[in-house]
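Taking it in order: structure first as structure tokens, then the write-up.
Labels run A, B, C and D following the written order; every chain starts at residue 1.
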Amino acid sequence: MIPLGIPDEEFIRGKVPMTKQEIRVLTVAKAGIKPDSVICDVGAGTGSISIEAAIQAKDGMVYAIERNPEGIELIKKNAEKFGVYNLKVIEAYAPEGMDELPQLDAAIIGGSGKNLPIILDEIDKKLVNGGRIVINCITIQTIAKCLEYMRKREDYSYEAIQVQVNLLEQVGPYDMAKANNPIYIVTCVKQGGK
Amino acid sequence: MIPLGIPDEEFIRGKVPMTKQEIRVLTVAKAGIKPDSVICDVGAGTGSISIEAAIQAKDGMVYAIERNPEGIELIKKNAEKFGVYNLKVIEAYAPEGMDELPQLDAAIIGGSGKNLPIILDEIDKKLVNGGRIVINCITIQTIAKCLEYMRKREDYSYEAIQVQVNLLEQVGPYDMAKANNPIYIVTCVKQGGK
Amino acid sequence: MIPLGIPDEEFIRGKVPMTKQEIRVLTVAKAGIKPDSVICDVGAGTGSISIEAAIQAKDGMVYAIERNPEGIELIKKNAEKFGVYNLKVIEAYAPEGMDELPQLDAAIIGGSGKNLPIILDEIDKKLVNGGRIVINCITIQTIAKCLEYMRKREDYSYEAIQVQVNLLEQVGPYDMAKANNPIYIVTCVKQGGK
Amino acid sequence: MIPLGIPDEEFIRGKVPMTKQEIRVLTVAKAGIKPDSVICDVGAGTGSISIEAAIQAKDGMVYAIERNPEGIELIKKNAEKFGVYNLKVIEAYAPEGMDELPQLDAAIIGGSGKNLPIILDEIDKKLVNGGRIVINCITIQTIAKCLEYMRKREDYSYEAIQVQVNLLEQVGPYDMAKANNPIYIVTCVKQGGK
């Protein structure tokens, strides 16, 4: 089994932006994936999160929703490269394509555009009690909208963090800080009841 | 199997400072632990990293080196709580106690005091080719010493990052950023050869 | 003349939270204060920003709006301590008290509660073309509301930054990173025209 | 008088890297410059810090030490652009050229290469009691060396901070965090006595 935390350079990448290793690891960890978990990854991009999730959910299933043809191609190539077979690509622009999802143990949202509330509504329909939604937000508008949504949902609790990673680049005899863009990670737990 | 990323509040804690979940997850992920890995955790503190490492290395073994009696007690209690049996506590002030370690696939250094170079020498004696050392540094002196050591070792490559996590605290209708202290994480890979 | 950047410990402080030196310096610098500037400081707290602004605007005037009696007392004591006489305290809960303001060259908003849009409207009535508004935001809701407001105002341009300062605490032989909470600083420039 | 915090885009720039506005403002503020201060700026680059310092020290003098011919040219052009006449360029690779410096109230070190301890020794010879040295460090090696030096000097106290600024870039309807590299700023005060 491949441990969580595949190095970025091992993924096949095109021009599609890819979540960096540290953020990918934290996102997958926050999703609390078990060996038999069923997960959907909305806005899967290159599929790097989908693949790490699928490795953790080795007896479960990952549904990667992505509309960009280049992204879809990359997800499939990466799945093949890492020997991941419990990963199905849904070629759609979420929330389209989400009605065919089965019951979910976890959902990861990497890219949502303006549709975040509708996507969250759709996920909620499928999510088991105790299930989790992990949302990566790189804009103020997205984190604000995400918090606004969750604050209205009394059946969810959430934890939101901002993570910033600086790489120490090795330049001659020096290690020089080089910043990555910060990201907000919101982890929502469906409380059940009500 | 418990997924990587046990929430902080699930660990039994005393007054011993504990690595926060996000840093623990990244540290364990950087160590590249496989199901049969043999790992040592130097300066194990409450054992939170040792336990997450032991869960990942379910057919392997974790050696937790800690000198503080309160820490040792906590490691044992936490191991019991999480049903972790492949974890042995070595009650010593590293590098003491390290000669009894077997061959290692990975080593994690959470606390090293002034002995970092000697501890790294000891780990190197046991570490397999391709093995990893992950070092958490919260002071400039430790990260500087760590980089100085690794720059002299041509048989190692390293990656160093600084990670900062801000929690959004829920205060009435607001989500207010509350900072955690940043930390450097250095991941060293033994290249073999020579 | 006292240079911009009075150390925190030189201010008389009660239990009222005070903007830290680095954020105070950046906030005052972003306001582009000239010797004859007329400025208002909304939610002035201990008055630390008002006082630094008043020192820069030595031939101008600063209006500090604050409702908390303890804060008002501190502003007056600090003004006296630093020999600042071009500072007038308006005892009110903004936007109350703002109609008595004269024409403004700059406005600083340290605390706004839920009234941010109304406060911005009031400031706009007084602000000269080319004048600036600098807003400190410590919650997602405030920065989101602030950006939403400014995006609707075609007669303003804005720059928004997030600043995080870590102090290296001197602990025995070590310098250990200790984080301060991050803050957003939004600088808005009234373009005039129309 | 031009207020502290000239926007980056107002400086004439070549390919020489320039300290960003926020770091420039904090660096100059930490130096505690008074109207009659005499300052040296070691490794002046484009001169952006020298020029802001010279504006603050309007009756004093700034000595900008820079070896790069392109930098020297830019410093002179920028001085002319901002009407700064109390700025003298010393074309040298510090510590060369430092023996011609007069008594100093403050020194700023933006670039020091491997010569930091010798440069600090040279500055110390000229620095008045109560004078300040502000050092910008972008590598672990420089901050470590700087702290090591200051810890040995019982006649200096120091404060060290790390500052990270993220810009919110305006992309369509979104404000997207874009990181700048973090920097350490060390402020040293000569205690006098002994």
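The rule we apply is simple: a contact is a pair of C-beta atoms (placed from the backbone, for glycine too) under 8 Å apart; a residue touches a chain by one contact, two chains touch by 3 or more.
This structure is a prediction, so every number in the text was calculated from the model and none was measured.
In terms of residue-numbered contacts, C-D and A-B present the same interface, as over half of their contact pairs agree; the other options in A-C, A-D or A-B do not. Chain centres were defined as the mean of their Cα atoms; on that basis the chain farthest from chain D turns out to be A. Chain centres here are Cα means. That of chain A falls 26 Å from that of chain B.
In terms of their C-alpha centroids, the spacing between chain B and chain C amounts to 43 Å.
A straight line joining the Cα centres of chain B and chain D is 38 Å long. Among the residues of chain C, those in touch with two or more other chains are 140-141, 147, 160, 162, 164, 166, 168, 173, 175, 177, 182. Those residues of chain B that touch chain A in the shared complex are 1, 3-5, 22, 25-26, 29-30, 32-35, 56, 147, 151, 159-168, 173, 175, 177, 184. Looking at the complex, you find that chain C touches chain A at residues 140-141, 143-144, 147, 160, 162, 164, 182.
If you check the complex, the residues on chain D that touch chain A are 114, 138-142, 164, 166, 168, 171, 173-183.
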